[in-house]
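You will see chain A twice below: alongside chain B first, and alongside chain C after that.
The block that comes next holds the complex of A and B.
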């Protein structure tokens, strides 16, 4: 076992392990990405139904409707120019409120509604998801200070 | 007044750090012993000043001094005392101060106990520590000063984020930071060795205990954070592959690799360049862990509020530290002499494989965490990388690692005989079959991959014990004899067994929790019940209570199995009026084989409540396994040969690899 042999062996082992890891990453990146869309984008360019989508925006005022048993909920997510109906079954996060920023993960359905498997509202009530801020800015509906984003927790 | 004193002490600490970072470094370069000697008192003065500053901040929190902005924003007079104190680091500014305090503490320990280090190495290590300190002190003083006043003072504070008012999270940041900062020791030693151009076994003897200490703290910190997320968020999950979790996990992965490669440097004087690189990368990832979420670069499920102005400072700091140290590495690494030779099938070879897999796993987590950032910079599209990505990349890399983890400790240094190793692992094979068999029986089939995974975990668990029991000749010699052998075994051998077995236990928990968990949501009227996994949950009622600074709806659920009462769960939904923020408190009963986990949602206004029940098999094992790993770390640390500050003086003289021949002709394993 000379130094050269050892180096060769380590090199081959490293190539195998890292090559394997790279292959796994490439395969997984293709299938497992959730793409962020605002309601306007979702309506303008509907993505394939099997594509994982993160839909972000504000919960439109007056649209939250709970089912009889209280388990399912339908609401509209808006970027203040377009809105999309979202259906979700389960317990909503503590901070879920009308007018509050949310990010929902799920798929677009063939009838144009959005089936969410996860609904996130941010933990800090002053905090607006960055993606939602960007979506609001894109739709021209963002006004500085609206979300109280940079005040509150920081100086 | 007190706040100004704290601020002033912090400025003095910065000045001290500048002296500590310059004079001893110059002294080491010019061979001036008197200049190098400055490092020691400077490091001690440094910790005293930072401690004063930290005490001042704690004081203004304890007395609720609402003339200080930081207290106003993160505290409230009605908050329980525990959370007034932990609120000190429950915010950005205070947590930076905590970081600096821990850094200064580590530095002072080198100053106090480093008497037997070569003077130039000691001076340089303390100098590098001071450089890190300068960066953080500047950052804190310029962008995150916790001592700023506000005028006029508001009558009361805005309270700490209620999610952080929890015993689990109270001690999560200090542990995590002790881990992050602990890796700064390995980093400082690595940089000092590069400047010095010399790296020997004595170096590794110093780096190992610090790495071990940092690793144990980081393990505990991550586990505590995960436990908190599990019971506090009410989502029934314990790990979400959220960026903020990933950034703490990456240094853990590389730190684990470093822990192992440092052993090779110490014992065999090999893998030196790689170990130095690992030390640099591990600390770089720790810095990222401290900063990246706060800088607002990544959105996270549980990020603090962010401030883009700090982001720039942070990026510059990261660039200088990481770029500078990697540049130094590129220039100076060839100076380090290559060390001992070994065959691919050997203890050293095993460590190389361990390092490769851990580094590759870390790389996949790194890619998954930063890919969205990268993609957005390139073409502006916003994506997020969720758990499925990590399950498809990280998990497959862990499978061979866990399989080989059983082999490594059984292999002797230099050259091993694979057939011999496997013949000693017959029992582990049996363990694998039994674990898979039990799983198959209990789950009536279950996904076949999960059954195989449980078998793999059984393999690792038994193999860890086999190595240990072989060394003490358990059941092969009289018990008294085994006891004597066990007592003579180095503590680090016990530590390794505990940590490896703990890994197996935790892995079993992770598999169980992700494969066989059940979740059911129902709307229940008081008196109604629902059935999950053979347990019946009856909603007895929901009462309203008032806590010290919150209001709560507390449900009472009686859990029965075959008519026999098992437990009463009391999940709560709390409202903290100061921040107008609701939180969830899960009701959990553990049987040690599974957790019965209940959360209540909203009332439907007609007497019914949304109840969400999780059945979480094996989740308690995750915490149990983590605890074993941490325990293993501390048991190893207590090894006489590794005692902090007391590296073997003889070994320091010359980097002589120790001859290895363990009891009973077995090559000594387990370091």
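The block that comes next holds the complex of A and C.
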């Protein structure tokens, strides 16, 4: 292999790596931004039934119903103004619970419910022991939702 | 700065500092991991799985720190032709790649039970994967040329171009709606992590940093010795 060839191969390899990296980023953004809907958006503009989309929001309190065999679950995802019923069969992530932020991937069904292939639970930036949460709740400093209880942490 | 360009002086300094740095790394990692695995409380939501964070977060910090160190060394090498700067970049790259890999692997292990997925093409995860590829590219480029100096130069340019990825990693969680949670420690309004969990994390992170420092000093030293051996071989060849 001559030096010239070697340089050429290196150049091609570098281009492939950069091209691949750029493609991955674009694919990631495309997947995350383009097909992402909130319940309100899903209801206002229903997408074609065969199009896979991502529905994100909070698991509405008191709507989680598990089937008897424990494999299937039905719950409502809400953005606090609208909500959509979601059906899912499979293992739920540990962080899945009522009030938690989730992102589900699947298709809208003709009856207006959402059949999810995948359910992801979002975690927030707060880390603390359970006793601290209980103490904060007891003293009334605990606020559910995004970032509302950060003041309690800095002391 | 050129005072330390002298390999003999660098080696003397490294020999003097190395035992302390290595001992510090050992102590910090020992105490930090003990606190993280046995003393720190389980998280109110994640339970015991939160302990993965004590390895994951310091790895991620170090993966970014080592890359910035390589970029600074590369700039010094390109502009001032400082011979030790190239060696520092060369010695750092595999360590940084190791940290980046550890970040991705531990994140994946945490993500499966917590989020419900091993991998997600989200802004933070993707930009971290690109950092890992940048490390691999840097290592490959360093060794791609017969003329070592050209390899150094090409790798230095790559390191400087790739440094744009570092702010992208840091702010990806703020710019895009990512599955990955926002920053908990390095944020303007103070950490959102309870002190009982923050201290083990900081001690472990210090241990990671000292571990890198010890390793990089050792690797630069061995590079210098290898270069000296090559020079001796060459001299012997000429003499015969």
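Criterion: the second predicted complex is superposed on the first by the 89 of 155 C-alpha atoms of A that agree within 3 Å, B and C clash if a C-alpha of one lies under 4 Å from a C-alpha of the other, contacts with A are read in each partner's own complex, and residues count from 1 in each chain.
In this text, contacts are C-beta pairs under 8 Å (C-beta built on N, C-alpha and C of every residue); 3 or more make two chains touch, one makes a residue touch a chain.
Predicted, not measured: the structure shown is a model, and the values here were computed from it.
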First (chain B), second (chain C), both or neither touched by A:54: first
Which superposed partner A:44 touches (first chain B, second chain C, both, neither): neither
Touched partner set for A:119, first chain B, second chain C, both or neither: second
Which of chain B and chain C A:133 touches, first, second, both or neither: second
First, second, both or neither for A:2, with chain B first and chain C second: first
Touched partner set for A:24, first chain B, second chain C, both or neither: both
Chain B versus chain C as contact partner of A:11, first or second or both or neither: neither
Touching partner for A:66 - first (chain B), second (chain C), both, neither: first
Chain A residues contacted in one complex by chain B, in the other by chain C: 3, 6, 10, 13-14, 17, 20-21, 24-25, 27-29, 31-33, 36, 91-92, 94-95, 120, 123-127, 129-131, 150, 153-154
Residue ranges of chain A in contact with chain B within the complex: 1-3, 6, 9-10, 13-14, 17-18, 20-21, 24-25, 27-29, 31-36, 52, 54, 66, 69-71, 89-92, 94-95, 105, 120, 123-127, 129-131, 134, 149-150, 152-155
Residues of chain A that touch chain C when the two form their complex: 3, 6, 10, 13-14, 17, 20-21, 24-25, 27-29, 31-33, 36, 56, 91-96, 103, 118-133, 147, 150, 153-154
Chain A-touching residues of chain C, taken from the complex the two chains share: 41-47, 49-50, 53, 113-117, 120-123, 126-127, 129-130, 133, 137, 140-141, 144-146, 154, 158, 176-179, 181-184, 187, 189-194, 196-197
Chain B - residues contacting chain A, complex: 69, 73, 91-92, 148, 161, 163, 234, 296, 299, 301-307, 338, 341-344, 349, 352-353, 356-357, 360-361, 363-364, 367-368, 371, 381-386, 388-389, 392-393, 396-397, 521-523, 573, 579-584, 599, 601-602, 604, 608, 610, 612
